[in-house]
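You will see chain A twice below: alongside chain B first, and alongside chain C after that.
Entry: the complex of A and B
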């Protein structure tokens, strides 16, 4: 029927080759200090965020407009645990770098976000559908932000929290952890979507009533997808904290952390596995290029790019050029 | 928490809250129309309001046209811009099943408008100061600002006109029919594109009217629009999505809530409580505060 631009199997090999190239990039002399390195680090963060949004919205069909709140929760959790040394006690004195990319801290960042998603998701998803759910999550995001601004000493108010270590001399660990997380999240979602649970999620998206009639607990599936999406966003927030150190309400609860990944996912291809990653790469490149070439106009260019992409590529890159893409 | 204040203060709070809230209301009426026909959360509405405010300011300082008189220019221009925005940007997306596309176009438009304003007028706060900006009038024994009262009147008149249009004209009926059931309306020979374009034209014209009210009342900057969009959404939910007069009432209620929270609790919590009310309404009374249970939207 459709002529395949790229054969099915090829996507997997392309992905593996790209990941291998990215993993080997630091070995290139000068690469670590190059601009491309920090550029790629941000692409990884956005790709992780986009993947998280894609899980609940692309595969689950529930448009969340509150993923920036989960990103911020992960970032704050990391910064607070670290600056207050709540986790490692005296070990921290012995190993001052113990909080750096500490898996326990990062997973806790994701878990806090996931728990928040369950708390808010249960009432919202049992009552609200479609646009109403989207509006509800948007309101939730704003509430969380105000709560952190008014959180007193614990959250540092409008200023936020500063993580104790202030500098790093290399971006290498950030890069590798970012790459690892991006690949890990993609693999996890691939596994998930091929499992019973993934099928249930897609069934719920395509026809809630039919899914329910076939014995799927619709609410549980939706809430789990929402929580999974929040977990991924929380981990991304945690990763960002190790880069930015200063976690403030205006920086980590910025709506851009929701809007940009959403945009990247849609440009790449909603409900595809590689779409969010491709979208993050392409869109971040466009934004960054605009920032360098026409610094005064770059947000104008970003806005224009979104509009043009949606007008001419509404199905996203993966579905437009990917031939018959196998969705997961 | 403060003790119960004397009645004059309560009246003052209520009046200021209601007058300010009417501006959210008029923005919400526009959102309501667009949402009604297109099922699109038009996030760029706030940015369009601020754009109109800058336009009013340019007319005032450039050509000496009184801000309230400029309604006669801003509203027709808004109608035209709305029509063009629909035909140019949303027409294709409206036919797509995936409504993320329209939402993202709205977001792109918001970025575009905000940043074009920054490029043209700079990112600083701007205001329109006329000879009567500081003057006040007395309503019910309470002094309030003249421009705020005018803003309220604009909101009332704008909403009234829209309600009349929807109730009394054939085109208005088509818009209402399309909001209730686009498929059935299409079967009755109503063109979805025409109805959508009309909703957009009126929505942006209302943004223009709101822009006049904002320009004369508040200082504004290119990025002030987004919070306005959010507040308008809250007003929309309070009033019941699709209920035009309810949207105005929802805006007024939101204004009252904000005024009371600011006085009795603290300014810092205003937004959280406003969104809390929003969530509560969405969950427990998603049809809005004013609709009777049997009536759909």
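Entry: the complex of A and C
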């Protein structure tokens, strides 16, 4: 780990101030109905996804191109549990909003994604490395999508599943839960990376053979990171369901759910704790502003930004501007 | 680290700027009506989006030419301003586009984008924010079960839509009726959905598909599929695929000398780009659509002529989109305001006369039925066959005899 450029105490207070400002934003008059609110909600979702990808790829060194599948699994799990009332039985009749931001449902969304990651991760990570593992996960994403298209009534087939949209009344819970998850995931990863497991993960990333020679169970460490990444993506997918209400194969298994967080992490700083969050803020702001200001040509602006970022900030914002940053 | 945190704070400042922008971009309220539309300006449906944008712009221009929309609550006719946002041809991005239109552009009501799943996503967001979302191009089976209050739809049912080729075949002389038809649908949610409807229709009309294969989106080599079609002696093809894939398939069919008298395409064969890519080879191909300038309805021919004069090609969609704007404008006038609940009351169970798709009668669920159209490409133009077209279907000869 590298030395920090800002005293630890100051960093902590600034981070607390930023999170407090975001938490207090809803108290501003008109804030909840403002565009900034939905903008920030999307930033939170992308930051969570980016953080998940960063765990397996940035800290673990395993380039996963299948995180959109885990996002979709989390989204579908929530929508199916809710629309089919598979969880709360008669309580659903008494409390029609019981599934709305239900933590059990959300955690199950993450767990289904994590279990899928373990099932696919064991064979992939034991046999494949580098580009081959990346392509394997990409293939997994496509397989999952096709399975859901062909899933009949259970998955809603090509159309997907619709959750009760009438439940929505304000974006406030989405915002607060999104903020909470973004902060919670960052703190959890910080703790994780400072634990024995975190050191093992870094060791595996830097030199698998040396890690193995030192008694680290390489496969277990890699599969755990992959499953953790999937769990985070699944939770993000679950949160998205409470916003979009219609979960279809084209929307939640869209490659954008993997590519954009990947890009945000790279721009923010791969293998750093704040990089994915910073990247999500900056990149989503650029994308969104371009969409609003030049709707016909926004991909040109977005593409140009990515090219410039890669040319001038190849190490990402955190490593380029942060100097000798403490990574976690 | 310090600079990074500054960058993050700059992000927050940007968010605040968005919030501040909300008020500056607010519409004038009682001086104009702002209509928003998420449109596919980029992505695979950009071709459709281009036609849709043009149609909405024409409708708004025509409404303003007539003085605007009479709004009782304002006591006068108000001009209409159209604002569009790119949905990037993606279901997920429709929600962002609508957030932008509703919260930043402060639109009073909304016109739909194109395709079922995208419109469902749009209708749900509109419902959340209580803005009326007027839809065309979504299947009723997708939209009706949601029982949404702040959207209405006119389109056709996929079942009857999929029966169109069989109805055409029913009217053909015995020697032209297909004996070995094939179904080739792209491996996508839409392809899967439509494929099922074709299979059901074939059963109903007593046909069996000699080949019923999905095809991979973006494939570059269709020789295996074409060989299979040849081996099965296929004489008619129902093809559901994107413009690019359908063009590739047809080029390879020509290269391999395989032709069928009846080839009917969905999704990928109706755009002008399809004809531009294939030139004279697009002749004889039948295609789907939602409208025809040959319709006898008020304004249909004029709209078609206007499109043709501007783009030097015709369209089988612009009328549906133009009518979508016509219905919304008439509904606002009937309602006397842009309040979503009042627009609901003005559309549900009501009839709208003299649109470019004819009279539209909305049922109590807010749905009105229009027929699916079948045209045949002939010298760069769509010739209307179904419903009630004047054009006589021409079976395609072998490639070297065209």
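The working rule: the second predicted complex is superposed on the first by the 314 of 328 C-alpha atoms of A that agree within 3 Å, B and C clash if a C-alpha of one lies under 4 Å from a C-alpha of the other, contacts with A are read in each partner's own complex, and residues count from 1 in each chain.
Note that a residue touches a chain if its C-beta (ideal position, glycine included) is under 8 Å from a C-beta of that chain, and two chains touch if they have at least 3 such contacts.
Remember, predicted model here, so these are calculated numbers, not experimental data.
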Fit or clash between chain C and chain B when superposed on chain A: clash
Touching partner for A:149 - first (chain B), second (chain C), both, neither: both
Chain B versus chain C as contact partner of A:304, first or second or both or neither: first
Which of chain B and chain C A:270 touches, first, second, both or neither: first
First, second, both or neither for A:138, with chain B first and chain C second: first
Superposed model, chain A: greater residue contact from chain B or chain C: C
Touched partner set for A:237, first chain B, second chain C, both or neither: neither
First, second, both or neither for A:314, with chain B first and chain C second: first
Partner chain(s) touched by A:296 [first = chain B, second = chain C, both, neither]: both
Touching partner for A:110 - first (chain B), second (chain C), both, neither: neither
Colliding region between chain B and chain C, picked from 21-29, 201-209 or 219-227 after the shared-chain fit: 219-227
Overlap of chain C and chain B interfaces on chain A (superposed complexes): 146, 149-150, 296, 299
Residue numbers on chain A that touch chain B, as the complex places them: 57, 63, 123-124, 127-128, 131-132, 134-136, 138-140, 142-143, 146-147, 149-150, 255, 259, 262-263, 266, 270, 296-297, 299-300, 302-307, 310-311, 314
Of all residues in chain C, those that touch chain A in their complex: 1-5, 7-9, 11-12, 14-16, 18-19, 21-22, 41-42, 84-86, 90-92, 95-97, 99-100, 103-104, 116-117, 120-121, 124, 127-128, 142, 145-146, 148, 187-193
Residue ranges of chain B in contact with chain A within the complex: 35, 39, 41, 89, 92-93, 96, 98-101, 103-105, 107-116, 118-119, 226, 230, 233-234, 237, 268-269, 271-272, 275-276, 278-279, 282-284, 286
List of chain A residues in touch with chain C within their complex: 4-6, 11, 14-15, 18, 21-22, 25, 28, 30-31, 33-40, 42-43, 146, 149-150, 157-160, 162, 165-166, 168, 243-246, 248-252, 254, 256-257, 269, 274, 277-278, 281-282, 285, 288-289, 291-292, 295-296, 298-299, 317-318, 321-323, 325-326
